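Residue numbering begins at 1 within each chain, and the chains themselves are lettered A, B, C, D and E in the order written.
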Amino acid sequence: MTAVSDRQKLAYVNSQAADGRVNLEFETEEGMTLNLGPQHPATHGTLRIVVKLDGEQVLSCEPVMGYMHRGYEKLTEVRTYPQVTTLINRIDWLGSFANEVPFILAAEKLMEIEAPPRAQWIRTILFELSRIANISLFVGDMALHIGAMTAAFYAFRDREFVLNQIESATGGRFHPNFNRIGGLKDDLPKGWVADTKASLERIRDFCDEMEILVEGNEIFQARTRGIGVIPSEIALQFGLSGANLRASGVDWDLRRDQPVGLVWDKVDWKVITHPDGDSFARFWVRLQEIRESCNIVEQLLDGLPAGPYMAKVPRVIKVPEGEAWVATENPLGEMGYYLVSQGGLGPFRVKIRTASFNNVSVVPWVCRGVYVPDVVTILASLYFILGDIDR
Amino acid sequence: MTDSVVLGLELAYWQQSILRVIGVLVAVLLPAGTFVYVFLFKMVSFMQSRLGPMEAGPFGSLQLLAEVGKWLQKEDITPERADRVLFKMAPYLVVGTVLLTYMVVPFGPDLHLAKFDTGIFFALAVSSISSLGVLLAGWASANKYSLIGGLRAAGQLIAYELPMILAVVGVVIQAGTMNMSGIVAAQAGGSIFGVDIIGNPFFITQFVGFVVFMIAVQAELGQTPFDMPIAESELVTGYLTEYSGIRFLLFFIGEFAAAGAFSAIAATLFLGGWAVPSAWVELDNNIFNLLGPIILLTKMMLIGGFIFFIRFTYPRFREDQLQRLAWTVLIPISLANILVTTVLKVAF
Amino acid sequence: MSEFLRDYLTVAIFAALTAGLLAGVLGLGKLIRPVRPQRDKYLSYESGVDAVGTGWDQSPVRYYVFALLFVLFDVEAAFIFPWATQVEFYGWFGAIEMIVFIVILTLGLLYAWRKKVLRWL
Amino acid sequence: MGLVESGKLPKPLTSLLNTSRKYSIWIFQWGLACCAIEMGAALGSPRYDVMRLGVIPLPASPRQADLVCISGTVTDKIVPAIRRLYDQMPDPKYVISMGACANCGGPYWDSYSVTKGVDQIIPVDVYVPGCPPRPEALLEGIVLLQERIGKEDMAERWRGEPLVVS
Amino acid sequence: MDAVATDAEREQIVADLRDRLGDALVGFHIRPGDDLWVRVTRDVWQEAGMIARDHLGFRAFEFVSAIDWLPSPFGKGEDSSLDPIPQVAGDIVTGYAGGDTRFQVFARAHSLSQHMGITLKVDLPDDDLSVATWIPVFAGANWHEREAREMFGITFVGHPHPVNIYLPGQFEGHPLRKDFPLLSRHVKPWPGIVDIEPLPGGSSEPSSEEGEA
C-alpha cells in the first residue's frame, strides 16, 4: 500500500481515460451530445451509445462497443477443443448451452462423427430450455426498460424453475459445459422428465401473466407500436437474425430450415412471424417463441429415445484438416462458427458469427429521429447481450 | 377566536401554534416514513413475491432509521461545474414546499395549522413550487441527464397542473367553499339526492373529477406512468443524478412526503377527510379531534396504496404522450365535468 | 391582528421553522460526514466517460407552445374559482355566463388542436 | 472537519453509526458479464431477495451508492470508466469483486484485452469466487461485508492518504 | 437430404458465377450436400458480392472476416508433449478453395429461398493488405470490416468510418495475426494438458435411464 505506486497506477488509468474520448469527432456545434453508457441502466452492461440530440429527438446515434471484448477468437487458437467449449459458452451468457452446440457440431462435422440419437434429443431439449431461460429474462427486461418494474421480478422468479432443470441435468446453472464432441457428458438424472414438464407449466403461466401485465398494457403498446420499424429488406442487409428478423416478416428459422445435427424436424411446431417489424412485434414474437419452445420440449420429452449418450470418439481429440460452418438458431438469433482446423489439438481459426453483433449494427439506422425514451425501447427490443456483441 | 377549547384545554394562541407546528411536523414525517416503509419496502416486495427488508429490527421496521443514519454519514458532493448556490438550495425548495402543503390539511375539527378560506387554492399553488425545485436541481447539476430530467419535470408541470385545478373546481362548486375544513364539513353533512346515511363523499358524486385528479396527482408526484423526470432506464436518475448524501435524502423524503401530502389532500377533497359519516350518532368535536388524524391517515394509506400500486405495475409514458393525454383527454373531460356539475348544482 | 392575517403569520413562522429544521439536519450531516476531496469525485457523471460539452448545452424546449397555452388556461382557471364558491348565489345567470366562458375556452383549445400545435414536435 | 474522521465520537455512537451503515447499503450495479445476471438474480429474484439484508438495489447513479459490485470481466477499455465511477461515489464506499474474471482475469487470463483483476485499479473489500458465483455466494459476500462494517472504526479507515489503492 | 441433387445446385451456382466473373473466379470447393466455397480475385471482390446478392439469391448477410494462414510462431500455447511446438516459419497450408497468400478475406451470405450458404474468399497480397469494402453489398458489413481492420490490419477501401471497434485507441498490433503474442502466456506458462480424463461415454454402456424414455 504505497502512495507512489498508487499514483503510478492512477497515471496509467488516466492515460487510459483518453479512450473515454473516442468518438469525440461526433461532437459538433449544434445540439447536445449525450452518452448512454458504458455504465448505463439501459445498455445491459457496457454498451455505449453516443446520441446527438435536438431537444429530446435523436439526430444521430452511434454505438461504441468493445468494453466487453475478451478476445475469444484469439483465445480459441491457443486452447484445445475441450477447453474451447468451456470458453465459448460464456459468449451469450444467458443461453450458454446453446452456444456450445454449434461449435461442437462443427467439430463433429469435420471429424465425421455423429452423436447418438439420445444425445441429440437431450441436446435439443437443453437447447430449448436455455432459450426459455434466456427469453423469459428478455420479457422482464424489456418491461423494466419501459418502466414496469414488477415484470422483471416475475421474470427472474420463473426463470429459476428452468435454471433448476438445467442445473439438475448438467450441474451448472449458467455455464453447463455439458457437450462433448460426440455426445454429452452425462445422462439425464432420474425423475428429470417429470420435473421438467412441471416447470414448463410454470413457464406457460408466466407467459399468460406477461401477456396480461405487459403485452396487454395500453401504455406498453403506445410505447412500442410503430417504434423502431425495421423493414425486411433492411433487416437482411444488416444480417439481422432470429426473432428480430422474424418480427420483420421474414419467415426464416434455422431450426426448421437447416436443422443440422439436432432434432427439431422430428417434432411439430411452427415458426412465429409478425409483419410489423416494430418493437412490439419483436416483443410479441419472442413471447410466443417461449410458448413454442415449451411445446417443442414437451414433445421431445415424450419421445426421448433410449441408448447411449456418447459416440465412440478417440481419447485425444484431434480434428482433421478442413473448414466447416455450422449455424444454429440461438435464443438471440443465428449463431455460427466458422471452424478452420489444420489437424491440431486446437482450432486453427474460429470465426464466431454472433447474433447480437449484427442485430445491434442496425441501431444507427433505426435510431434516427426518435426520442430518447425510444432509443431505450429499441435497444431493449433488439435484445442483445454484450458478450454476444463484443466476444 | 383568540383562545379556543381543544380537548378541554384552554390554550393561549402561542401554545396552540407550537402544538400545531409540532403536530404538523409529526404529521409530515410520520406518513412519509410510513409510506416509505409500507409501500416502497413492503408492499412492492410482496407484489414482487419478495419479503423486503427483514434484518434491521423486527420485520425490517428500523430500516428507515438505518437509512437516515447512513445518509447522514455520506459525503455530500457538489460537482465542480455545478451552480453551487442553486444546487444546494433545490432540496430546501422541494422539501419546504411539501411541508407547507400540509399546513392547510385539517386533521380534525380544531386540528389545523391554518384555516385559510382559500385553502385548496393555497395547497395547489404551493405544491407546484416543488416542480420549480426539481427544475432548479436539474439545471444546477450541470449534468445532461439532470438537465433533461428537469426540463421534463417542467413540461410535466404544464401538462398536469390544469387538469388538477379544473378537477378541483368541481369539488369547490359542490362544496361551495375553498376552505378545506368547509369541504370536509360539506361531505360529512351532505347528502346524495336526499340520502344522507354516508354523507356525500365527493369521490362518488365527483367521480370523474376524482379520476382526473388522481391521474394528475400521479404526474405531479412523478410516480411511474409519469416518472419521466427520473426515468431510471433512460436518464440514470434524472434530476437526482448528481445528488448525494443528505441532500439526496432530502429529495427522497420530499418525494414520499409529497405522496403523503397529496394523499391527504385527495382524502380531504374526495373521501371526506378526517370525518366519517356520523349522522346517526352524536359525536362531539373532541372525539373527532382524537379520532380525526387516525381516520385521515387510514384514508391516506388507501390512496397512497393506490398510487404506489400503480407505480409498481405500469410502464412509463413518453413525454409527448403525456402532453397529448393531458391536452386532448384530461382537460376536455375536466371542463365537461365542470359544466355538468354546474348544471346539476343549479338545477337541484 | 385579524384572524386572517394571523393565519398568514402562522405560515411564515412555519416556513421559518421548516427552513431551520432542514438547516439543522444538514448541519448534523456536516458534523459527522467525511470529506475526502479527489479530483475525479467532482467531475460530472456521464456514465463513466468524459462529458461532452458543459452540461448546459442549449437545447430547444419543444413544449413552449404548451407553456403558452398553459399560462392562458391557468389564468382562466383563476377566474373560475371565485365563481365556483358562489354557484348557488348566482344561480342560472352565473351558470350560463360561466358555461359561455368555458365554451369559449374549449373553442380555443379546439382551435389549437386543429392547428396541430397539440403535438410534440 | 467531520467528528467521525477525527475519531472523537464515543463508542456507543460509533457502533450506532456503524449499524445504520450496515443495514442500509445501496448497491451500485456494475454488471459487466455473466456474473451480472447472477447479481441480477441475487438482487432481483424473489428467491434470493437481497433486500432482506437491507441492501437496496435502487441507485443507477454512483452518487447515491455505498457499495459497488464489480461483476464480470474487466477489460482494459472499461478500466477508466470503472475507476471514474468508483471515484465519483461518495465516501464511505465499499467494493465487492464478484466472479473469477473480476478477481483475477478468470478464464481470460491470457487474453490481450482483459485486465487481470479489478483490484489493480480500485481497492476491493470482498472477493466472491466462482465462475459465475451462485447468487447465494454473493449474499454470503454481502453478509461478510456487513459484519465487517459493523466492526469498523471509521477514524482508522480515514487515516492517511485519500488516494490509497491497496 | 439428397446429396446428389444439392450438389448439382451448388455446381450450378459456381457455373453462374463463372459465367459472370470469368477468370476472376480462381477456385472453388464443394462439400456435397453441405457447403460451398468460392475464391475470387481481389479486383472483383465487391462485384462478386453484388452478383451473389442480386443474381444468385444470397440476400441475407452473415459476416465478413479474415484469416491469417501463417503457422503460429509460438505454437499453439499448449505446452504439452502431445503437440510439440512447430517450427517457426513453417509452410503456409491454406484451406478449401486454395489460396496463394498469407491473408485471406472471406465473407458469407446465405440464401433464404435455396436454404444454402456461400463462402466467398479473396487473397490479399502481403505488400498491399487492402480490398474493396462490402458496404455497398451489405450495409451490415460496416462493423465486420472495422473488426477485421483492427484485428488483421487490413484496409477496406471505401469504408466510411475506419476506426477501431473493439480495441482501445492506442492499442498496438493486430491481435488476430498469428505472430501477435499473448504476453500472459510468456510471463506465466499455461499449466498445459496435465491429464486427459477418460471420456464418459467411452464404454458406451446402456443408459440406466432407459425406463424413463
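Quick notes
FYI, a residue touches a chain if its C-beta (ideal position, glycine included) is under 8 Å from a C-beta of that chain, and two chains touch if they have at least 3 such contacts.
Note that the structure is a prediction, hence the values are computed from the model and not measured.
Identification of common neighbours of chain A and chain E yields D. Of the two interfaces, B-C and A-C, the higher number of touching C-beta pairs belongs to B-C.
Innermost chain of the displayed assembly, by C-alpha centre distance to the whole-protein C-alpha centre, is A. Centroid to centroid, with C-alpha atoms defining each point, chain D and chain E lie 42 Å apart.
In this assembly, the C-alpha centroid of chain C lies 40 Å from the C-alpha centroid of chain D. Multi-chain contact residues, meaning those touching two or more other chains, occur in chain A at positions 16-17, 19-20, 32, 34, 38-41, 56, 66, 69, 71, 74, 78, 153, 157. For chain B, the set of residues that touch two or more other chains comprises 48-50, 71, 73-77, 144-145, 148, 232, 236, 241-242, 245, 319-320. Counting partner chains per residue, chain D has residues 4, 17, 46, 60-61, 63, 76-77, 80-81, 83-85, 88, 90-92, 110-113, 163 touching two or more of them.
Pairs of chains meeting the touch criterion are A-B, A-C, A-D, A-E, B-C, B-D, C-D, D-E. Those residues of chain A that touch chain D in the complex are listed here as 1, 3, 5-7, 9-10, 13-14, 16-17, 19-20, 38-41, 44-46, 66-71, 74-75, 78, 86-87, 90, 93-94, 137, 152-153, 156-157, 159-160, 173-175, 386-387. Chain A makes touch with chain B in their complex at residues 32, 34, 40-42, 56, 143-150, 153-154, 157, 213-214, 217, 219-220, 222-223, 371-376. Contacts from chain E toward chain A in the complex involve residues 34-35, 37, 59-63, 65, 67-68, 71-72, 76-78, 80, 82-83, 93, 95-96, 106, 108, 112, 115, 117, 119, 138-140, 142-144, 151, 163-170, 175-176, 178, 180, 182, 185, 190, 193, 196, 198-202, 204-210, 212-213. Across the complex, chain C meets chain D through its residues 30-41, 43, 45, 47-49. Chain contact summary for the complex, chain C toward chain B: residues 3, 6-8, 10-11, 13-15, 17-19, 21-22, 25-26, 28-30, 32-36, 41-47, 51, 53-57, 59, 61, 63, 66-67, 69-70, 73-74, 77, 80-81, 84-88, 91-92, 95, 98-99, 102, 105-106, 109, 112-113, 118-120.
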